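The same subunit A turns up in both complexes below, where it pairs with subunit B and then with subunit C.
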Partner chain A sequence: MVRSIAQKEFISTLRDSRFMALSIIVLLLLLAATVVGLHSYSTLQKEREVAQQTVNDQFANSADRHPHRMAHYGSYAFRPKSSISFLDFGLDSYTGASVYMEAHRQNSANFSQAQQSSSLIRFGEMTVAFVLQMLIPLLIIFLCFAAITQEKETGTLKILLSQGISLRQLAWAKIAGYSRVVGLVVAPALVLASPLLFSRGGYDLEADVLLRLLLFIVFYLIYFFIFIVMSVVVSSWYQRSSTALVTLLGIWIFCCVILPKASANLGANLYTTPTKAQMDADVHEEVAKGIDGHNAHDQRAEALKQELLRKYGVKTLEELPVNFDGIQMAAGEEHSSRVYQEHFEELTGIFENQNRISEYASFLNPYLAVRHLSMGMAGSDFRHYIHFQNRAEEYRYHLAQGLNHIQATQLKYGDKQTRLSSDTWKSFKPFTYETPSAGWALGNHLLSLVALLLWLVLVCTVGVNRINNTQIT
Partner chain B sequence: MIRKFWILIKYEWINFRADKGLLILTLFTLLAGLYGIYYGTTEIDRQRRNIAALDSITEHNIEEMKAKYPGEADAGDIGYYHSTFAVNHPDTWASLSMGQRDVNPYYIKLRLLNLQSQLYDTENINPLKVLSGNFDLAFVFVYLFPLLIIGLCFNILSVEKEQGTLPLLLSQPLGLPLIVGAKLGFRVMIVLALALLLSIIAMGWGRVVPDVRIGMWLGTVVLYCLFWFGVAFLVAALHKGSAFNAITLLGVWLLLTIVIPALLNVYVAVTQPVPQALELTIRQREVVHGGWDKPKRETMEAFFARYPQWTDTTEIKGRFAWRWYYAFHQLGDMAVEDLAREYQEGLRARHQLVERLNVLSVPVNVQGVFNALAGSDLPSYLDFLQSATRHHDSLREFYYPFLFKQIPFRHADYQNEPRHSFTSSPDLDTAYGGMYKLLVSVLVVYVAGLVLFRLLPAMVK
Partner chain C sequence: MSIVLEAKKLRKEYQDKLALKGLDLQIRSGEIFCLLGQNGAGKSTTINLFLGFIKPTSGAAYINGLEVASHTTKVKEYLAYIPENVMLYPNLSGLENLALFSSLAGFSYTQDELVQYLVGAGLPAEAVRRRVGGYSKGMRQKVGIAIAVAKQANVLLLDEPTSGLDPKASNEFSELLLRLSEAGTAIFMATHDIFRSKEVGTRVGIMREGELVDVLAASDLDANELEKLYLNYMHV
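And then the complex of A and B:
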């Protein structure tokens, strides 16, 4: 019985030309989004790869220079796009693509896509994730809103129930049938998208990328299933199809349009972001209280000097076996980086507090849960961005300290003239960035994962159980 | 006729009051609007406070410089360690439509060093927040008001048919056009009253400068609402069921506010790429740092070509001189002048392309009008960048005499240093153009609706 109801729903949906037309539109949009995503991914990726290669070559082949000049010359970190970010741009359009890494200074990540666009970009971007998150639920609503109400309106519900089937069984049968339909809409997109993904040359499929992709798909399947069950449940509450439809559309608008924006804005209202100017001023103030890389009259520099003189048992800086300039610069860099890092972590903490409002809101809204998980798997979420910034800062620090070390060991105190051969720079490894593992990415979104699973369990138990209370007139 | 119209309106009002769903929907939109106003004003107030706080950072920096150089200082040291800010004050209308003001930095920290390495530094932004966008009044109008209108109008005729009351109504001496007109008229009154109320509250709360923009804003809001009523009328004229109407109207909303803008975005990115940014940042560094390795005479001669007035200054001897240092910094800017111009022109061209394409989506057009009125979109940011560039030039003009004539920099000189202030200005031409397009869209929708209404016979059961 259950099986034949599912089969009936499946077949009659396929015969519904309006539904088929909508499905084809969604499918076309999905394919368009895949192509657009891949195009944008490869354009940006190539642009950044070329830029990274250019600066790496420039560094390795730069002229003979004093090591501290080289530290100010510095390098750039261009953020590579994560392999499957073409499915979900996430925050990538709003985060900077390049960080200039120089001695003494931590620079902002600049040139985001959003800054290079007019406000049109704020209407949203055409990505696979957008179609999956917003359009497919709408398609599901359209598919399921009349699931039970239509049986009531046509009087077939009583006949069905007289066959000895319970309302719950009926609901599950309908859910099974609709799930097959949705599968039919989504599967071709996956089938068509995967060759596109795998056929791109020079891209080796690592286990980790596959795992990310697999989780990405699983999360969306759970999300769709939640919407199917929810739609059938809501459909059972009402006598009339149109009321059920309006309720479901209201839920969709609330979940996909209003709540995401409201929760993000509320977060920003509750936790004030300090300006970069204020943060830099605070860092400067705290560093000034410590050692200043360019200023030897400072107390801490004096202490360092005395300590070194004592250690090597000499009277003047000139007699030291190491170059005091380099040592002092290294101590200054260490101190200022530590101070900066503290402030940067404070800032990240504020952002995370702001974002947590949205994460908690995923318990009200499965859309937010799947959005966070999707960005996490695609490597385009907040944590991946911070991860990149931290790697860039780490590289900057080690580059500066490596050059300070060269100055301390190869140059004499007070020597501002000597230029080292450009071969020296070749010993520095260029900046590379590895996307962290899928496990790490998932670990950042445990809250959203719990929310999504909770939604799944709740609609399947509490939701479906309430169907039994349905009035049958 | 008129009397019948008002009788119908009266009964619509009674119906409306009795319908909890509609009341909740309207109340919810009102609350959303109030939140939007609150959010917009607090956010812009915060930007104002942050800009005001920059003054004290600058004062603090000057105090620090005075302590570091108690007597006369070399202006080169001051130019290197002392920083000021170029600031982009919000227009009073920005709280109604924040546009790109949260994405683009509203101040730039500047030192006398080369400009191009400082001009594009960003502000601390939470990317998740800017991705989600601003819940300002413009958002409420552009996105939520259409939904309210759809909610109020999707079953305007179909519900009477489905409840079987339409034949009853038509058995009275009332024509179908009058019934539809009265029903629509009643809803138009409610929505416009709400829209005007919210607009006036927002203008008062945001303490906007009262000028022609009040009329333009209200006109745009009214026209935009009428546009959506027109769409609802058009769909009602098809004489289909409530479910069909709801799906169709939401489909149109989705198409106009989300799908078409997203596709336009792709089109703009593909046809109008701006690849200069990364190249610019890389090239200016190469030139600036290459300055250390070049013969000083070569650098100075290239510099004097731009500033002949300093040609006669003394030959630079020794390892280092500030005027040589700033000269090669400026050469770094000059080397990427073309790229910087192309970059900014590319961005402006992008915006102009969007202005042309927005005929395809009324919401994009209306958002454009709002942002133009508030001076909060990309062109206003680009104007700010140009203003900051001019300010940096004036800083150079201020410091170069100290450097080239070797005049000592005294404490009293700080107060003569140029200060920067820029306020975003509205772009009324764009706004008028957008309103004109909006008016045409409204007319098209109503004409199409009326034609359909006439053509399709009312299928009254």
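And then the complex of A and C:
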């Protein structure tokens, strides 16, 4: 029974020229978004690879310099694009692409696409995720809103039920039929996108990337299925198709437009972030309480000096087996890094709290659940950005301390003239960044995953069971 | 002949209306029972109660001895239903519609058998593979008849089935009902068509404001007498 009606829905829909026209438009948008996304990904990735290689080469081939001069010269960390971020740009367009890494200073990532784009980027970008999250549900609503109401309006519901089929069987048959139709719209885009995705030279086809892609697809299939079931259930509540359509469009507007903005605003109001100027001032104030690597008359530096003299049993800095300048720089770096890291973690915590409001709102809204999971799998969410920022800071810290160590061990106290050869800089391992695993990404969005699965279970149990209450006459 | 359709003190109340006031009725196999009555008299309510689409307030409806309200799915095996306006699925052909509805009832016919059912119901052979969206009301009604016949049910419930049909189609429909009746099918037909009731009916019931006010043997009076009697009841 279920198969027969599912087949009928599939055939009927394929013969509906209005739906086919709409599907072709969505399919073309999906393909266009894939091609544009891939092109953008390739361009940005290549730019960043070239830029990273260039700064690495520049650092390794730097002229003979004093090590502390080299610490100030610094380097750059360019954030490589996650392999499937072309499907969902997420926050990538708004977060920075590179971090300038220098001594005594912890810079945040700069040069986001949004900074370099016109104000039009505020309208959002045409990405695969946009089509999947916003437009496919709309297509599903237009496909399914009359699923049951039309049977009531035309009287076919009575004939169907008189043949011995139950309302629940009818609902599942409709859901199965519409799922095939939606699959027919989405599958060609995936099939056509696959050669584009996998045939590009140099694409890193790691198991982790494939796992991310697989999970990305599975989450969207669940999301579409939730919308299909929800549309059929809502259709069963009403006697008229127009009422069902208005209700479903209301749900779409609430889920895809109102609630995401409301949860973001609520999060920002509940957890206020300090301004950058305020944060910089706070960091500066606290750093000033620690050792100043450049100030020989600093009281804390004096204490460190006395401690070292005692430790080595000598009377002057010149007698120390290590260069006090390097030790002082290292102590200053350690303090400023700790202060910055504390403030950075505090700020990150505020953003995390804001994001958590949105994650909790996933229980009210499957759109938010899939959006978080989608960005997570694409590697373009906030936590991937913070992961990169932390790796860049770790590298910066070790680079600065490595150079301080050279100064402390290879140069004499007060020596500001010695220049070390570029071979010294070559010994430093260049900055590389590995995108964290799919498991790590998924672990960051467990709330959204639970919310999405809960939605699936709820619409399939409570929702479909309520179809039994449908008024037939 | 056995009783296949039965109502015992069948009563249906809505919030603001008493739709059926304790109907008692028995219809045997091979019998055609025509129920006459004005709009809102309770004819469709009676059919909906036999179909199990609504629950009775009190009393019970039975099909083949099974109480409909507690055997909603099982009783569907024994009955076929044709509404006043058979709409079907416009994007499918008559043949595809019949194949679909037959498969839902558990029948798997060959293409030739399906064509025979459709042509047997009076649908022109050239129309069977055309989409139903282009059919006239009469043609759709014939597909509805074919669906009911193909189900091989021993109870046929008809809700004003000849409404809007042209005289030729109505006549063909009457002949079909008589053939089914001879084969043992019990037929319950709610209708406004006094002439057709007299022509095909074994018995004719008159319903007014949810109450079966009279039941007559169709052979006892001619169409004019039946019309006069009906109008008398309606005006009292």
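Brief remarks follow.
The rule we apply is simple: the second predicted complex is superposed on the first by the 473 of 473 C-alpha atoms of A that agree within 3 Å, B and C clash if a C-alpha of one lies under 4 Å from a C-alpha of the other, contacts with A are read in each partner's own complex, and residues count from 1 in each chain.
Keep in mind that, in the parts below, a residue touches a chain if its C-beta (ideal position, glycine included) is under 8 Å from a C-beta of that chain, and two chains touch if they have at least 3 such contacts.
If you're wondering where the values come from, they're calculated on a predicted model, not measured in any experiment.
Contacts of A:S241 after superposition: subunit B is touched, whereas subunit C is not reached. Contact with subunit C, but none with subunit B, is seen for A:D16 once the two complexes are overlaid on the shared chain.
Using the contact criterion defined above for the overlaid structures, shared-chain residue A:A264 touches subunit B, although it does not reach subunit C. Contacts of A:Y385 after superposition on the shared chain: subunit B is touched, whereas subunit C is not.
By the touch criterion defined above, A:F59 reaches neither subunit B nor subunit C. Here subunit B and subunit C are compared by how many residues of subunit A each touches, and B touches more.
When both complexes are overlaid on chain A, the residue A:I159 reaches subunit C alone and has no touch with subunit B. Residue contacts after overlaying the shared chain place A:M1 against subunit C, while subunit B stays out of touching range. By the touch criterion stated above, A:E47 is placed in contact with subunit B alone, subunit C being left untouched.
Once the two complexes are overlaid on the shared chain, A:D280 sits against subunit B while remaining clear of subunit C. Shared contact residues on subunit A (touching subunit B in one structure, subunit C in the other): none found.
Within the complex formed with subunit C, the residues of subunit A that make contact are 1, 4-5, 8, 11-12, 15-16, 154-156, 158-166, 472-473. If you check the complex, the residues on subunit C that touch subunit A are 44, 48, 51, 53-54, 73, 76-77, 79-81, 83-89, 91-92, 96, 100-101, 103-106, 131, 144, 147, 151, 157.
Listed in rising order, the residues of subunit A touching subunit B in the complex are 29, 32, 36, 39-40, 43, 47-48, 51, 54-55, 58, 63, 65, 69, 72-74, 76, 78, 90-91, 93-98, 100, 107-126, 130, 134-135, 138, 142, 145-146, 240-242, 245-246, 249-250, 253, 257-258, 260-265, 267-269, 272-281, 288, 347, 351, 354-355, 358, 381-382, 385, 416-417. The residues of subunit B lying in touch with subunit A in their complex are 21, 32, 35, 39, 42-43, 46, 50, 53-54, 57, 60-61, 64, 85, 99-100, 103-105, 107, 109, 117, 120-135, 139, 143-144, 147, 151, 154-155, 158, 162, 241-243, 246-247, 250, 254, 257-259, 261-266, 268-270, 273-275, 277-279, 281-282, 285-286, 289-290, 292-293, 319, 347, 350-351, 354, 363-364, 367-368, 371, 376-378.
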